[in-house]
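Letters A, B, C and D name the chains as they come in the text, with residue numbers starting at 1 for each one.
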């Protein structure tokens, strides 16, 4: 009820240029993270993809349901059986904000740049060999080896197209130069605080320019976001289950969709740091010891789905029967530990990032109940990923998004990933992975075997898929969630009409 | 007087240099894995190593220190690891807000605390006890508690002020006033009573001086004695109290900015610390210490000016 | 001194008499217990590279066994510094101090400790010369303890000391603040006597005391000298006190001795104009005699001034 | 009064120090203060509950349950946190971590600050310079920013952070100890100890540690409070160690769930505030206890302000037909003592002074002579009680008989205009911040209502009248630029600047050298001969009395024992006290002989 009043206050207080009737088409979104650089090659996923999409178009568009649609590329297809040559047909009516025209040469330049720019998602192009501008509107991409996720990548960070002249320049860090629906208003944007975007004149697809102004306000702190969205200072933002009640009471509209799975990654499958983990029975015992329902209820207020597998329902390799593969059974857990020779339990050290202590305290409690003595060691968030990658810890909690089959395999299972610090593999698994990689359209089906293998061998101890809980002011706008993505894409917001 | 100022200036620069060296060594001797953190989980080991090289993390500490110092003499403090922004720019963007808050707060503390302190010193009795009780209360409540209570009451419940800052680069005065009222009040509350108590002591000490009695014996009105003579004599002590308050406000602003999501130096310090953005942390330390050095210099000069022994010689 | 010092008529005169050479610096006869020859003392000053300030410019004075050497002078004359130099409490930069044939001007702390039994002190201010938090018993046994006397023997000696300075034995368990100024000075004398020294430096021992108390303390000091044969180096600004207790007298002025000799001679019919001025300035307790002395003083000042061709103040 | 009276002054010294009154120690005084008792008790409870947490806690503080964020229930008296753990039990155990952090910070700060302060204060020289320099740098560091930097460098290690915080807090101790050591080091009793042959180490142990002990405890209490505040702030920001069990971590947890269960935030903040508050109160109470005995002594010399007259019926004397310039009748001034009794400092004193006359009020310390003078000026300390008597200026009462208060309205018209004052200490009685000229001019423009330029001319005349050779230079000088003798002349010039009828001179030459004293007395005498004021000269020196006074009143223990013509009193004293005082004079006595007939064997009664 007061949102209108606050919005009015904001309009007259000089936050926004005098907009008259168009004032209602301005939107303020609360964001959790900000881009490190506006270089499109530095884009990431989720929170760190959304801001780029306001100013950069991608080659392909990933719709809110996860299906791919034309964007800068009007059509695309693999031209060989081995699925290693991909040919895209590009739009010819697109320009970048610095005036340069978008064509196949520009697209090639972007892919080449992405490959060498050493961005956090550089691995997306690990199978990319070369790109060729056949003509102005035809781009041919050659892959070293089939990559079932490649089209998906072109809708993500790897597909963002910047002006070829700008992306290698120095200024790109601070000022984006793309072909996207909006341009950043530099003198109203402050790092660490807010970014302001206005529609770009002459954009090829005005239907994507739904707002007269978009402000992204960085609010890393959850309570600050609750305060901001309930008092109408931002129009939409991500909260969580614990704060949902407050936002609902303020009359905000709630969206809820699963994205990340959370659980323990039992890295040390060869027992290098924690010998007990070498035994599959011990890893299974950990899985049986977890009371997932209690965790979900106590920590996430039930907003999610318990699971025993790491592949998500939309991944293509999801197996409903694995959902409750390790139902809560502490007696069985103790039995398995006893069988493995650890009847009196063992010590397990887990790294503890800030903010996760509630969850891990429960995990510690539940594992302790079957005799596994968990020691939590605080690790700053800044060091958390690198600590995991160094193999200091035999197991660790993490929250990871559930991508398509091959994305998930690449992220979690292959020996080269950060989340496999001990490079564990077996010949059997390797064969399954190879088959999946080469499966083409059958990637999901083949991936099910990988899923079954890692679940049965208890490579992980997943807890649940937690729901993203997103709130927005329905009087001002309408939001559709983006599947498998932490926050909606810019295309998912529209004014409330 | 000029020599006096020059001496203090040199001392300040030396202090800055020492603090810079110590902070640099403290920060950078333990930072090994920041490249992985910058690059994210999908980056390959090779690209992480490349990043580390790009940041100069493979150089010996002392050579990094000397190159930092050399850059610093040109007012270049490196580039943020996480936002690619020059540290100078990042801080320059945020400094005005923080300085505004701190300066407004210190001015208000100065005025209110002087009023309270003088009242307590002259009236004694109930006024004195009230100031003492306030001082104990204020010292007992950490800044974050005050901040949270102010947000809950005045922003969430009463909606008189915004819960989080609405300040942007082109915001008008109205936005600044609205967004900064609660934070400044929160900042002040902790300092005001303590400063009042110290000003009270300084004032009483001067009231007990022999010359006050002699002035009274000369028939000078009490009000003139208090405000022309005693207040002036107590001013150096009061200024010193305020300069210490200023230093503590620069720390307190960290908490307050975080609670009110204000884009100032304090929230920059917190986010840089959380991320391990060492160039920014380093820059924030140097800037705040430089500000303190300047403020202390101003206070020294003011005190020197107030003291005829320094001024006249 | 100060920027306008020379305008003070008293100091104009000071400058004049300061240029007159010292009178009758004849060495004292008899056995010298303490011999100070050409003593120079300079205090370091604050600040980097600033030169030390010399406060004694080559002073020679001697104390005979069992006798009192009175040292008189006004503030800033260096008389107290001379006493402190003998005690090893002032930085000696030149000359010698010989005690009983031993050079002690630069004695080390351990040599000093041995000497503690021979040279003791009574200070001016009986309020700060006793540690307020120690009982009289502790204060008196402190010097005994440093010479290895403790326990029952120490207590016995403390009792004797209290008896000797006419304080009741139950004073032992009391704190200094329970005693009056005169009583405290008795405690200080008892402390000086604890090790049965041969020389006591009395630094203005009665100037903080009331008239009647001063008389009693002087009586006590004289009585102790008769009984024990101790020597005194007696420092005071009061010519009357010096005349009363001294066998020989030295007059100090701006770090130098301007006149010394037998007490009667120096204090009754001085040769040096400064001593004469000092004598004429101290008032006598009879209106008519004082009126006469006042006239003498004025006449003398006029004479000195006219001798130097300047108008009288 | 007591068995140990040997000196007359013993009976009359401020604070009644002559007797053997046992005063309670610092601890005793601390507990006499309700705030002190409360803070000690509260801290004791907090420390005990931390120590006995294992016994007292109703639940395992680490036991996570499914009762998440409940309010207070019978099972969980204060409710549960986001892990369903019992908040009460966690508060009890959390006190350990929080108090330990405070203790670490305080101990580290003391371990650095105390020895460094002792060494710097005692030996000075290069170490003092170096450590003071380092201290200044440390004090210029904003603590929170440094702790953030430390956190960025070493990670969420709360104890290590507190060690660094202790280093940051060490300047407080350093300065405290250094200042105390320096002042004690210059005390004569330390010199006496050195002369007695004590080593530096035992001097520090015996004389210096005792002095710094209490201030260090006070500072430690303050630092402990600040440390808890900083530590919980860091944890609130999420920069603490989330696996540690401290109140700050509980605050962080509570804050994150503030909308689900505000009580989970309330309890730990309450615990933190109470603990910090106790430390602050303890420090305040300790400070009060330490300053207690100083206060009693200082009060008598505290600011001279209008005094209250107690409601005692006055003996209303008949107004004399031809009034003296100033007359004091049966004046009685008392001070309340901490114990509830009153100390009488002036006990029924009566005297008068006329125009063109110098009255000497002579007596030893504590005789009440200065108090009488200040009563005439109406500048007694706040707590002084005028319990009887009257003061008449030209027959006009300055003590209001109806309200029994000093009639400030009457005195405001007199003070500065008709009655003026020459103080004892020349330097401390001039405001160091103003030029001598401005301090002379302002009363004249105010009282005489003359223009500023007239006042300047008159001030220059006055300065030359009091024998200052170059009035213009002195006029524009600051007090620190002139000598003590000159300053006293300036004060005399000030006293006569508004042509007063009565000058009250309180020991005007005591602080001066004897040669300067003679000249200052000359100035006063010459001015009086010319201007014919009445002068009340308070002194202890019979020589000064003989030099300048016409009449003398001798005071002892607040009473006038004898008064009369100066020659009569000095040559033929009637009262034994006056006789004894004159007997103590050294002038004319044979040297090296006893002065007192009862020499040193006892005291006067």
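Everything that follows uses one rule, which is that a contact is a pair of C-beta atoms (placed from the backbone, for glycine too) under 8 Å apart; a residue touches a chain by one contact, two chains touch by 3 or more.
Since we're looking at a predicted model, the values are computed, not measured.
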Far-end chain from subunit A, centres as C-alpha averages: C
Of C-D and B-D, pair with higher C-beta contact tally: C-D
Whole-Å gap separating subunit A and subunit C, where each centre is the average of the chain's CA atoms: 89
Rounded Å distance, subunit B centre to subunit C centre (Cα mean): 54
For subunit C paired with subunit D, centre-to-centre distance based on mean C-alpha positions, whole Å: 31
Shared interface positions of subunit D, touching two or more other chains: 238-239, 255, 258, 481
In subunit A, residues with contacts to at least two other chains: 380, 383
Multi-partner residues of subunit C (at least 2 other chains): none
Pairs of chains in contact (touch as defined earlier), listed by label: A-B, A-D, B-D, C-D
List of subunit B residues in touch with subunit D within their complex: 11, 15, 18-19, 23, 26-27, 29-31, 124, 132, 135-137, 139-145, 148, 152, 207-221, 229, 232-233, 244, 247-248, 250-252, 254-255, 258, 266, 269-270, 272-274, 276, 278, 281-282, 284-285, 288-289, 292-293, 296, 306-309, 312
Complex contacts: residues of subunit D adjacent to subunit B: 133, 136-137, 139-146, 148-154, 225, 229, 232-233, 236-239, 251, 255, 258, 265, 269, 272-274, 276-277, 280-281, 284, 298, 301-305, 377, 379, 382, 412, 415-417, 419-421, 423, 425, 428-434, 442-443, 446-447, 478, 480-481, 491, 494, 498
Of all residues in subunit A, those that touch subunit D in their complex: 222-223, 226, 242-243, 245-246, 294, 297-299, 352, 354-358, 361-362, 364-365, 376-380, 383
Parts of subunit B lying in touch with subunit A, wherever the complex brings them together: 33-44, 47, 50-51, 82-85, 90, 93-94, 151, 155-156, 159, 162-164, 166, 168-172, 174-175, 178, 258-261, 263, 267-268, 271, 274-276
For the subunit C and subunit D complex, residues of the former touching the latter: 1-5, 7-13, 74-75, 84, 87-89, 109, 112-117, 119-121, 123-125, 128-131, 133-134, 139, 142-143, 146-147, 166-168, 171, 174, 177-183, 186, 188, 191, 194-195, 209-216, 218-220, 222-223, 237-241, 243-247, 263-264, 277-278, 280-290, 294, 297, 313
